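Shared chain: chain A. Partners: chain B in the first complex, chain C in the second.
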Partner chain A sequence: MEIGPIFRALLRNRTGAILIAVQIAFTLTVVLNAAVMINEQVSKAGRPSGLNEADTFHMQSEAIDTINPQVTINNDLRAIRETPGVANALQMNTIPLSNGGWSTGVRVQQGDDPPVYSAAMYMVDDQAIDTMQLKLIAGENFAASDVVWRKPDESGWPGRVIITKALAKSLFPDDSPETTVGRAILLGESPANIIGIVDQLQAPWTQSSQIESSVMVPQQFQTGSPRYLIRAEPGQRDRLMPEIEAQLAERERGRMIRNLYSMDEVRRRSYNLETGLAMILGFVMVVLLLITGLGILGLASLSVRRRIKQIGIRRALGASTRDVLRYFLIENLLITSSGVVLGAIMAVAFNIALVNAMNFPKIEWYGVPLGMVVLVLLGQLAVWGPARQACGVSPATATRTV
Partner chain B sequence: MIFYYLRLAAISLRRNWGQTTLMILAIGLGIGVCMSIVTINYLMAKDPIPDKSSQLYYVQLDNWDPNRPAESPNEPPDQITWMDHQALMSAAKAFRQTGNASATAIIRKPDDDNFRPFLARIRGNHADFFPMFDVPFLYGTGWTSDAHRDWGADQVVVLSRETNDRLFGGEDSVGREITLGNPTEFSSNLFRVIGVLDEWRPVPRFYDLTSNYFSDPAEIFIPFGLILSQGLSRSGNTNCWKPTGDGLRAFLGSECVWIQYWTELRNHQEKADYMAYLDQYVTEQKEGGRFPRPLNNRLSNVNEWLDHENVVQPEAKMLLAVAVMFLVVCLLNTIGLLLSKFLGKSSEIGVRRALGASRGSLMYQYLVETAMIGFGGGLLGLLLTWLGLESMLAIFGSDASNLMRLDLNMVVAAVALAIASAIGAGLYPTWRACRIDPAAQLKSQ
Partner chain C sequence: MLDMKGIARIYQTDLVRTHALRDLTLTVNEGDFTAVVGPSGSGKTTFLNIAGLLEDFDEGSYLLDGENVAGLNDRQRSKLRNEKIGFIFQGFNLIPDLNVFDNVDVPLRYRGFPAAERKRRIEEQLERFGLTGRIRHFPSQLSGGQQQRVAIARALAGDPRFLLADEPTGNLDSASASGVLDLLEGLHTSGTTIIMVTHDPALAARAPSSIHLQDGRVVGNDEAAA
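Moving on to the complex of A and B:
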């Protein structure tokens, strides 16, 4: 085999090789950790919220100028629901994914000092499940007669609630969520019964560790700045958004319509940090691979230029162009291999440091070998050009200078 | 001599323009990526009020649930209650003190029907707020700290500079009137402008770290008491550990925390005295059945408080580490390229040495050449930093705009870092080149 002589030749001319190997090690460290971070951020930004986001938008009417907001809210809702193209609409105290809302500690009624789970509170009416297209997996929806007005300074909660599957699992870890309908729980200090379970409805706080815990209560919030969530028939959303905004503004002059956003936009804003971080890291990753490739190319072409005479001698002594090509490819393989081995150790060490310092994802078991292979291939690709150049050296070169 | 070397360097760099471009690109990209991320970290971690940061103390009192701390392992809540705010303000034991809290209101101009109302960020604070935080005034002044006005007997406001531009086109608006309306309760009241701030946007907004502290500061400042008496809508975080009961009165008498409290304590003695006062106050309150947890009061100065609230996000620190590694790779790359460049000059060096040039002068010459590359890389890096910050601004939106500014310190640092890295990267190749044995080189010609 040729590895022996190639290796010994490398040892005599270490600097370039070490430079490339260290560069590859750093590149692998950054690329592997950036990749797990990107993967985590992208999947976090893409996780479903439980509602039909594609057709849904929301808006807020600020300072409705009336003695009795209940009348305005009911008129608004009726008018919105009757607008052609609107599938259904809802008044909510807050909007999923919007990062602002109400929460309450929820616990089971029996036992002493049961654990308290923080859950988002959604004040909705009997149209909520249809408007958001939630999946009711057990129990029943609110009846229209359940829905009551909630005064601004009221602090208790009503007695019939619908909760999410995830919250049911936390509260009753021993039972399947479907069987928890009818159980008694405490919302803060207010007793309540679970009447239904929905498959998923995320809490509004996208950074929360308990994002899947939500409670719906049959209440309409009496406020001067109601929020409406509106689901359009498929394909109608973009047409309806300005139309309904104009319609509300028209129906009552002097009010201010704010926060007119599609749910896609709400999601985009809420996960801005995650997608931004993923984009920055992706850019860094690509540029880094490019620079490393160029560096290998530069140093390989140097080593070809310095060895023109040796290559000529080898050719004159009978080596084929394939032998020359193989020499440079194997040399590069030796360098990159030592680089990726060092890099794998550094990447894992950096990863462990990050995992300990913050809530950072671990590198998957297949990540390290995959990254190693990618960098070795990158090295071979980068060295290909200079190696081809070396093949072009004619055996006669050997005779030109002594 | 230096001009001669500069000219030589220019000739040599032009001769191998491909290689030169690659080197400048490598350094520039390294500096660009590194500096964009360092800038953000720097602005996040920068002392927002360097002259006074060690004299301003944030107050925390532990009025939380006896069974669980407000934040593990044993942290007191990050704001205080209305009751404690009243007690601390009226005792006035610190040199200066202010509670503050945020709210929102709809702003209208009573004498101008064409003015489009807008929703503004309001901060309720006490008179000391302005001198404590060195807030600059363009027109007028803040309100005085006599008890009567400070608690909001007069309906006065201080406008930020932008708000004054928006409302009054930037003219001296002291004495003019605006209305502040509650967005949810259909009320609105007349307020008289008594002061307009000059440009003031501390980054991070250290005086309130409970919500997005890289966004803009408040647009309008009002005496603290007016938030409640005028029924404005509070907008900051409110945290409660036990039920409050219905209505405003019950809320004010509750253990809910929603007020940030700052004191100015000029020396260690004042700090020790104030801490003793806090402990004494809480001990007294314990007798009345409040403060069920063990004594756990805190005074943190500005930098300690920024640190406590994790103002520099862990993600930002991770990005910083990545950026530094990126720079390392770029520098290794440059070393490699310089090495190949100078070793390619072996014969030239051999001739120069044989003709009597000393190693020192060759070294000098090639360092001038690498410094030129570094300067080029620095300029490119600066451009890329600016581009990087602009594109991050596009990605993250205007909320982060205070973090995406190129600071003069950073500009100087970028160019200096680029030149230093290029020279650092150039030292080894230069040294290698100058060690070439002239005799051997000349023989092989």
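Moving on to the complex of A and C:
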């Protein structure tokens, strides 16, 4: 309503206002790009692995000198599975999210020179789907009779495999999961048939771009250092972890139980770079917003103090306290809106440059208006105190001061 | 039309209690041109501030156009100031960040007049005071006399019932001062009600009636023959 004169008066004292508008623009640029980065890191650290992590933990038995690993492993698994509170357990060559494991190039059998996809290899038994609570979306599980021992020096792979939906889609883009079942593939140079498809089972490497490509083979790894993945009944995990550790150590003396971790802990460790980055960026964001808010507050209280007399004159000429409050809110709105308009352009330009230069996430369409609104609201919040102070200026100031 | 009875105003600071006005009773009628004279510190500005609703009083009653102003809230007081009272200050009190046009526009915007009406009134007043050529000038680019004329134009643009002037010539050289006085006399002749506060008896003598204040009390009352 009185934007014209407020704007013209602002132009007469533009230095501070321009500085604040530029600060707002930079803040918006950094905050928006930091926010998409944070969002990417947080969603990366939170993406599902395909297994029930909440109830699951793992441990590794390390023998100094194992006479018969097969007997040890079988005894261990039987004892663990029988322990009250354990839902199911499994020996695995590696643990999802643990950043270490085996991989093989997978390709289709027909055609010359088909593309090769890198996939994680999980050696598991017929209890894997139940233990990890994977979702079998097509085909069937391994039978107990499929499972064979794998010697440490053995190469090659078994002929019946279960693969993830993502790998199936890469290998057979035109097939549905149902029609992929039965297809022939090569694991390295070993021929194999797909007998089942699971919805998801991530590879252990959290930084991999092929993280959704995994193959399960019905093998038990004959090793003196077997890894066990154990799923507890809901709520039993924390009780079972030390209990099973003690139980294994007890039953076969002379071995160590190592790497006793819940899957929650495994996830935390493997994504601590992402969470750390998100926290640092979040901190930078908050500090920047705070500094900008304080800058707005500083400028506003300076301009209120500079204009005490003028406020008194306006009051004498008929401005109510509400009119005075509105004056400073509108003035602030003019400064912040020019800042956020500039900032929106800068943020998008900077984002485009980052996206082109590196693997940087794009700002979502709603991010820009959201960021603009947040900064405008921050401005209105920061100016509120000084504006209230301005309302306290008495109309008598018009005649009482020189 | 301005009717004060038993007005008292006490300033209380930590150390002192100042009776700026005591038991002031006064009536100003439509069309009057009244000077309020008295030495510095006698309570003239306090009186003007109370009359112009710029500050409250502690005792007594004040009817402005028949309306008891004691019970009004901030918005109602601001509206009354805006509609009924025009101020002329010693220091001109133009807003330095606004040009002449925008300065005269200030009370009209608070009044809520539409843009065309405001423009018409502003141009009419500026023309009347010979300021048409200065419409885009800022206060700092004007002489004291010109600034005071802009202030008078601003005070009159909303057609107030009263013109309240506090030492309107205090910051002017004698030629400009006399010019402003001529203006006020002209306004009086054309029917505007004026109350002018001054410490200068020579100026007060040019007003048809005057009230003498001393230590917050009325000590004399001149009614010049009209």
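In the analysis below, the second predicted complex is superposed on the first by the 398 of 402 C-alpha atoms of A that agree within 3 Å, B and C clash if a C-alpha of one lies under 4 Å from a C-alpha of the other, contacts with A are read in each partner's own complex, and residues count from 1 in each chain.
One rule holds in what follows: a residue touches a chain if its C-beta (ideal position, glycine included) is under 8 Å from a C-beta of that chain, and two chains touch if they have at least 3 such contacts.
This one's a predicted model, so the numbers in the text were calculated from it and none came from an experiment.
Student: Taking the superposition on A as described, I'd like to know which of chain B and chain C A:R47 touches: first, second, both or neither.
Tutor: neither
Student: Could you say whether A:L354 touches chain B, chain C, both of them, or neither, answering first, second, both or neither?
Tutor: The answer is first: A:L354 touches chain B but not chain C.
Student: Figure out whether A:K362 sits in contact with chain B (first) or chain C (second), or with both, or with neither.
Tutor: In the superposition, A:K362 contacts neither chain B nor chain C.
Student: A:Q310 contacts which: chain B (first), chain C (second), both, neither?
Tutor: Second partner only.
Student: For A:R269 in the superposed arrangement: first (chain B), second (chain C), both or neither?
Tutor: first
Student: Using the touch definition from the top, say if A:K135 reaches chain B (first), chain C (second), both or neither.
Tutor: neither
Student: Tell me the contact category for A:L302 with respect to chain B and chain C: first, second, both or neither.
Tutor: The first partner, chain B, only.
Student: After superposing on the shared chain, does chain C or chain B touch more chain A residues?
Tutor: Of chain B and chain C, more residues of chain A lie in contact with B.
Student: Tell me which partner A:P395 touches in the superposition: chain B (first), chain C (second), both or neither.
Tutor: Second partner only, chain C.
Student: Per the definitions at the top, what is the overlap between the chain A residues touching chain B and those touching chain C?
Tutor: none
Student: Can you list the chain C residues touching chain A in their complex?
Tutor: The touching residues are 45, 48-49, 52-55, 74-75, 78-79, 81-83, 87, 89-91, 93, 95-99, 102, 105-107, 109-111, 138, 154, 166.
Student: Per the contact definition, I'd like the list of chain A residues that touch chain B in the complex.
Tutor: Residues 15-16, 19-20, 22-23, 26-27, 29-30, 33-34, 37, 62-66, 113, 152-155, 188-189, 223-225, 256, 258, 269, 272-273, 275-277, 279-281, 284, 287-288, 291-292, 294-295, 298-299, 301-302, 305-306, 350, 354, 357-360, 401 of chain A touch chain B in their complex.
Student: Mind listing the chain B positions that touch chain A in their complex?
Tutor: 19, 22, 26, 29, 33, 37, 67, 106, 117, 119, 181-186, 243-248, 251, 314-315, 317-319, 321-323, 325-326, 328-330, 332-333, 335-337, 339-340, 343-344, 392, 395-397, 432, 444
Student: Help me check something: in the complex, which residues belonging to chain A touch chain C?
Tutor: 1-2, 4-5, 8-9, 12-13, 309-310, 313-323, 394-396, 398-400, 402
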